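Letters A, B, C and D mark the chains in the order given here, with residues in each chain numbered from 1 onward.
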Amino acid sequence: MAGNSFGQIFRITTFGESHGQGVGVVVDGCPPGIEITAEEIQKELDRRKPGQSKITTPRKEADLIHILSGVFEGQTTGTPIAMIAYNQEFESDDYLNLKDLYRPSHADFTYEAKYGIRDWRGSGRASARETLARVAAGVLAKKYLKQRVNTEFISYVEQVGNIKAKTDFEKATLEQVESNIIRCPDQKTAEKMIELVEKIRSEGDSIGGIIRGMIKNVPAGLGEPVFDKLHADLGKAMLSINAVKGFEIGSGFEGSKLRGSQHNDELYIQNGRVRTKTNHAGGVVGGISNGETIYFRVAFKPVSTIKKQQKTISRKKQAVILEAAGRHDACVLPRAVPIVDAMAALVIMDHYLKHKAQNL
Amino acid sequence: MAGNSFGQIFRITTFGESHGQGVGVVVDGCPPGIEITAEEIQKELDRRKPGQSKITTPRKEADLIHILSGVFEGQTTGTPIAMIAYNQEFESDDYLNLKDLYRPSHADFTYEAKYGIRDWRGSGRASARETLARVAAGVLAKKYLKQRVNTEFISYVEQVGNIKAKTDFEKATLEQVESNIIRCPDQKTAEKMIELVEKIRSEGDSIGGIIRGMIKNVPAGLGEPVFDKLHADLGKAMLSINAVKGFEIGSGFEGSKLRGSQHNDELYIQNGRVRTKTNHAGGVVGGISNGETIYFRVAFKPVSTIKKQQKTISRKKQAVILEAAGRHDACVLPRAVPIVDAMAALVIMDHYLKHKAQNL
Amino acid sequence: MAGNSFGQIFRITTFGESHGQGVGVVVDGCPPGIEITAEEIQKELDRRKPGQSKITTPRKEADLIHILSGVFEGQTTGTPIAMIAYNQEFESDDYLNLKDLYRPSHADFTYEAKYGIRDWRGSGRASARETLARVAAGVLAKKYLKQRVNTEFISYVEQVGNIKAKTDFEKATLEQVESNIIRCPDQKTAEKMIELVEKIRSEGDSIGGIIRGMIKNVPAGLGEPVFDKLHADLGKAMLSINAVKGFEIGSGFEGSKLRGSQHNDELYIQNGRVRTKTNHAGGVVGGISNGETIYFRVAFKPVSTIKKQQKTISRKKQAVILEAAGRHDACVLPRAVPIVDAMAALVIMDHYLKHKAQNL
Amino acid sequence: MAGNSFGQIFRITTFGESHGQGVGVVVDGCPPGIEITAEEIQKELDRRKPGQSKITTPRKEADLIHILSGVFEGQTTGTPIAMIAYNQEFESDDYLNLKDLYRPSHADFTYEAKYGIRDWRGSGRASARETLARVAAGVLAKKYLKQRVNTEFISYVEQVGNIKAKTDFEKATLEQVESNIIRCPDQKTAEKMIELVEKIRSEGDSIGGIIRGMIKNVPAGLGEPVFDKLHADLGKAMLSINAVKGFEIGSGFEGSKLRGSQHNDELYIQNGRVRTKTNHAGGVVGGISNGETIYFRVAFKPVSTIKKQQKTISRKKQAVILEAAGRHDACVLPRAVPIVDAMAALVIMDHYLKHKAQNL
C-alpha cells in the first residue's frame, strides 16, 4: 500500500536509505528449492555498483550482499528471503550543505511536501542506491524462470543523448552487452557513446538516454487483463526506476503513425506453434504474452546532480545558489541495465506464478 | 490479483463481456457523502459511446448506466457502488465466423493460450466495451477531487497518424476539446485529422495516434515511492487501456536527449508557493507530485479490426483468409479521451486517499 | 482495502443492500473450465433463503440468481463472474420508523459513526442478505475443489441455546444435516432445538447457538504462515459472518486446559501416509493443513431484531422506545449453515490456488 | 500474498528463522513524525524475551533490536522502517537429532508437506521467535494511537489450565499485569498459576491457557464491513499467533446461549455521547467499533515441546521415539501477553488509517 512492495505472489519489499545502516529487501512468496548463493547475487549487483568503470561515479561502495533468512543449505525454503547491503561509514558533514535547500529536479521538495520530514543525507530514500535491492531480488526470479521455462533477459543501452545504436535487437547477446563499459552491443556506437559521456562528465554535466529491454522465451499466456496486463505491469516496473520518464512496448510511439493494415501481425504456424510474421505487438497482445520476444524501450532523463552552479531555493523559501560538489554519474544508463533486467524479471516471475495459480 | 481490479483504497473491479449480459463495475472504498446521479455518469459515458459522430463506429449502443448499490438519497454511502450497462440483444450469428479462427493482432489467440477457452462473440472480455465501466467509476473520482482540491482532467487528441496539433497544451480547455468530433483543441488540425480518419475509414483501414493527458491542480505530495510512484501508476493505468503501446511523462523520450543542465527545473517561490520555472518533470519528481501541472502522452496503435482481407490461422492451426465485415472505429482516439481522463482520475483519487491515510 | 473483497487469488467482491436494487458478487480469479449453471448456484442459495421452513422468517424472497458475466457455453472462462439477485419491490414505508433511531445491537449507530450516512431500509448494507452473495461464490469454489481434490464441506447446527447435539461430528453426513429444518444431524436433539426455537419465536425473542464446521479431504500443505495461517483465515472468514462472536479450531478453548502430553497428536504412518492418532489440532499445524479433517466451531449471538419493546435512542440523541414489528428469524443458525460452508470453501479455494502458485 | 505481511496501509512484513542470521520486520506505511528510539522498542521486547523469570524458558537471548532504516534524527520519516534482532551463535548440533524426524504437534511435517524443505534448526520459521518482530512493530502503532486518540492496550493472563482469574477486566491496569511473572492482575490467582506452571515444568510437561485482550479508547467508526470487520481482523491477528486455537469477542461462546432480549446492549446518552449500558458486543457492532471498550479472549493450547518421551515418525516414515531435551516454556502465556497487545495494536492502527483514508 505505502509503495515499497512490488509484485503480488512473488512480492518484494525494499527498505533503506543511501546513508542509513544499509539497503535491503525481503522477498516473500519465492518458490522453495531454488539453489542460490550470495556470490551469484553479488555477481549481478556488481553490474550495478558504482565505480565499476571510468564513466561511472568514482564512489567506491562494495555493496556486499548478505542473505539473512529464507535460504537453508544452499536452497530457498519458501519462507521470506531477507537480504541487505550494509552502508559504509561516511562523513555526514559531506551532505550538511544539502540539509536546508531543495535541489532542482531532485525529490528534496516533494519528500518534504509529502512527509514533512526527509533524510537529507545523499537523497535518503530517493537515492538510486535503493535499486540494488531490486537487482538482488531479480536474481532469484531470473534463476527460477531460466530453469523452468528458459526465459532470458537481455537489456542494453540503445541511445545516449542523440547517439543511437544500430543493432538488430533480437540478435544482441549478453556477451556483446557486457563487452564494453557503456553496455551497448553495437561496439562502434558504444565507443562514440563512451566518448560523449566522458565529454559531458568533464563539463560537469549529465546526459540521458534510452535502454532497450528484451525478454526471450516467455511462455504464451502470461498477463492478467484487464488492468494487470503484462505490458502495463512492465511499464509500471520501468517507470518506478529512478530517472525514467517514458516506456513503450513493441511499435510504441512510432507505431501510432501506422495503419492497421501495416501494423497487424500476421499469424502463421511454425513447427506446430502459433507465431507472428512481424512483431509490432512486442510479444504482448491484449495484455497477454503470445510467445514472441517481448521488447520495450525505457527513456531515462539526465540525472539531476551536476557540477554546474544552479539557482534554487532553501527550505526557508529563500533564493540560493547550489554549488554541487559530490561525485556522480554523468550517465546512469550502463548501471541501469541490470536494474531494467531485474524489474522485467520480477514482473515475468509474478505473472508466471499468477498464471500458474489460476490456470496451469 | 487476477487483474480485474484497479486501485487500492479507491478500488474498482470491472466485469462483463461485449456480448454477454452487460458490462459493469463495483467501486469499493468510495468516500461517503458524494452527491451523484446516474445522469451525471451517463453524460461522461456519452463521450465514450459508439455512434456519437460520423467518424466513430456506427454501432448504436445506448450504454445506459444503472446504479445498483451504494448510493442512497442521492449520495454515496461509503459502501460498494455497483453500476451496470446491460448489453442490447444481438444476433450471435454475426460472430459465428470468428468462432474458429484467431484474428491478427486481436487477443483471440492469447486468451485461448491463457484460459483454454474464450467468449468469441465480439472479442468477449478483451473488447474495449469494458472501458465504459472505467469511465463510470472515474466520474466519482473526478467529482470528489474537484470538490476537495479543485483537480481538473483535460485530455485531448494530439496526433492522428502523422498529423500533430500545435496547441500549447497548458492552455487547452475542455470546451475546445469538445468543440469538434476528433477532440483536438487545435481546430485547424482537427479538421485535417477528421479528413484523414474519413479517408482511412473509406479505405476500410484504421489509424493510430497520440492522446495528451493533462491534470491540473494536483496537490504536492501525492505518490508512493519507491514502486507506486505517481507517474508509474499513471503509466500502468494508461497502458491498461486497449490499444495503448506507450506512455511518457513530462519531457519523456525527447528529454532523454538532453543534458542535466538543460533538463533540470529551476525552483523558485511564487506567492509563497514552491514552483518550477520549467516543467520538464511533468509535475512529478521522485514519484511524488510537486504541484505543477501533470502532463503525459499516450500512444495508441491502429485498431486491429479492418475491412481488408487478411491472412491468418484457424483454431485448428490451418491457414485461412479473414474477411472482416463488422462495423468498427477507423480511429479510436476521440472515444478514448474520456477513458484517459477516467484512468487518470482513478490514479489521482487512489493516491489522494493513500496520502490522506498516512500523512494528512 | 475497503473491506468488501475476500480472498486474494480467488477473490470475491460483494455489493448491494437489503432494500436497494439487489445483492451481488464479482468473482475474480476463478479458474477457467468449471462447468456451472445458475440452477446449481440456486440450489445452494435455497438452503439460505428466508421462508424455507416454519422456524425461519416468513419473509418470502425468491433470491433468484442471475449470472451476468464470466460464464460462456456453460463454463467459466477465467474472466470475472458477476452474479446478482435482484431485490423484490417493497414498501419503503415499512422501515420509516427506523429512519431516525438506532436499534440496540444493530449497526445503525456504528454505520453512521463511520460514514455519516446510512441506508436505513432494512439494515442496508449491514443486512445478512449480503451473505447470499457469498453463498453463490462459494458454489464455484466447492465445485472446483470437489473435482480437483475431493474436498467436502459439511457444517451443521451443534447447539441452540443450551441444547447441544451429541453427534460424533466426523460421522455426520450432508443427508443427515438436511434431514431436518434446524440442520442438526442428531435427529433427537434436532427436535428439541426446533421446539425451543418455536417457543422463543412465539415469545418474540431470539436465541443464539453454535455451528460446527467440518472440511474433509483438504490436501496437506495449505496455509501461508506466518500471518495467513489456514486457521487464521478460516477464523476471519467466520467472524465476518453476521452475528458471529467466536471461533475455535480443533481443541479450541477446552484444549487450553490440557497439558502438552495430553494434547499432542501422535504421528504414525497409515498406508504410507502421515496421519495423527488424535486430532486436537483440528487438521491444521503451524498454520498449514496436515491432511486430517479440519473442524471448527462458530458462535452466533442471538439476532438483535426482537418483537419485544426496547429502550434506545434517536439520531437526535433522545431516549425513545422501539416497538419492533418486522418479520425476523428467531434463530439464524439453520440458514447460516450454508454460509459457513461457503466461507470455508472460499478460504480453502484461495489457499489451494496460493499453494499451487508457489509450490506445486 | 505469501503470508508474511500483515495489515494493508500500516503493513508489516516479518522475516527470519529461529537459528538463522536473525529475525526482523519491515514496517511500510508508518506515518512520519513519530518519535521513536530503539530503547523504547527494546523495553517492550523485554516483556516477550525468554529467560525473564523462573517460569519462562532459561534460554538467554538478548533479542537486541536494531533499527536499520526509516528513522532519522529520532523520528519516523514515512519510509520503510526495517528492524532486526540478530541471532546469537549456537551449536547447530543441538538440533541435529531433530533433522530427520517430525515432532508431534510441531510444524515439522506440515512445512515439509508444503515446501518440500525445512530449516530444522529450532523450528526454523515456525518458531515463536518470529513474534519478536511483531512486538517491535507494535510499539510504533501503540505510540501513534496513544498520541492521536489515547488508545490503550491492556492484555493479561486470565486462565492457566483450570485456574481462572476473578478480575473485573475493565479495571485491570498495566501495573497490576506487570506486578507478577505470570502477568495476571488478580494477585492471588497469579500465585496459584505460578505454582501450577512450576509443577508442570518440573514434570517436563506444558500447559495451555487463556489471555484476555482489552483495548480502551478506540474511536467509534473503525472497521471495514463486510469482510474486514474489526473483530474479524482481530480474530485473524490472534489466530496467527503461535499456539492459538480460539478467539472470541464480547460475550463470545457463552453469549450464544442467551436470548436477544438478554444480549442486546441498550443504548443511552452519557454526556452527549452514545453509550451502551451493557457491553455484550465487546465494543464492536456490525464489524465497526462503537466507542466502548473492546475485549476478547484468546485460547492457547499447551506448547508442543515437552520433556516426556513421545512416539512419532521419521522423515523416512519409520516409527521412532522422540526424547526431547531442549529448554522450553512450560507455559507461554506470560510471554504472549505483549504479542497479543502488539497484534491488537497493529489491527487498530491499520483500521484507523483506513478509516482516515476514506472518511475523515
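Going forward, a residue touches a chain if its C-beta (ideal position, glycine included) is under 8 Å from a C-beta of that chain, and two chains touch if they have at least 3 such contacts.
Predicted, not measured: the structure shown is a model, and the values here were computed from it.
Traced through touching neighbours, the fewest hops from chain A to chain C number 1.
Of the two chain pairs shown, B-D and A-D, the one joined by more C-beta contacts is A-D. Interface chain C/chain D: over half of the residue numbers present appear on both copies, so the contact uses mostly the same residues. With centres defined as mean CA coordinates, chain D is found 39 Å away from chain A. Once the centre of each chain is set as its mean CA position, chain C and chain D turn out to be 26 Å apart. Note: centroid distance chain B to chain D, computed from Cα atoms, is 46 Å. Among all residues of chain C, those that touch two or more other chains are 1-5, 8-9, 14, 29-30, 32, 78-79, 114-116, 125, 225, 354, 358-359. The residues of chain A lying in touch with chain C in their complex are 1, 8-9, 29-32, 78-79, 225, 353-354, 356-360. Of all the residues in chain C, the ones that touch chain D in their complex are 1-6, 8-9, 14, 102, 104-107, 109-111, 113-116, 125-126, 130, 159, 161-162, 200, 205-210, 220-229, 231-233, 235-237, 239-240, 242, 245-253, 255-269, 272, 274, 276, 280-282, 285-291, 297, 299-306, 308, 310-313, 317-319, 354-355, 358-359.
Remark: chain A residues 1-5, 8-9, 11, 13-17, 20-24, 26, 28-30, 32-33, 66-70, 72, 75, 77-82, 84, 114-119, 124-125 touch chain D in the complex.
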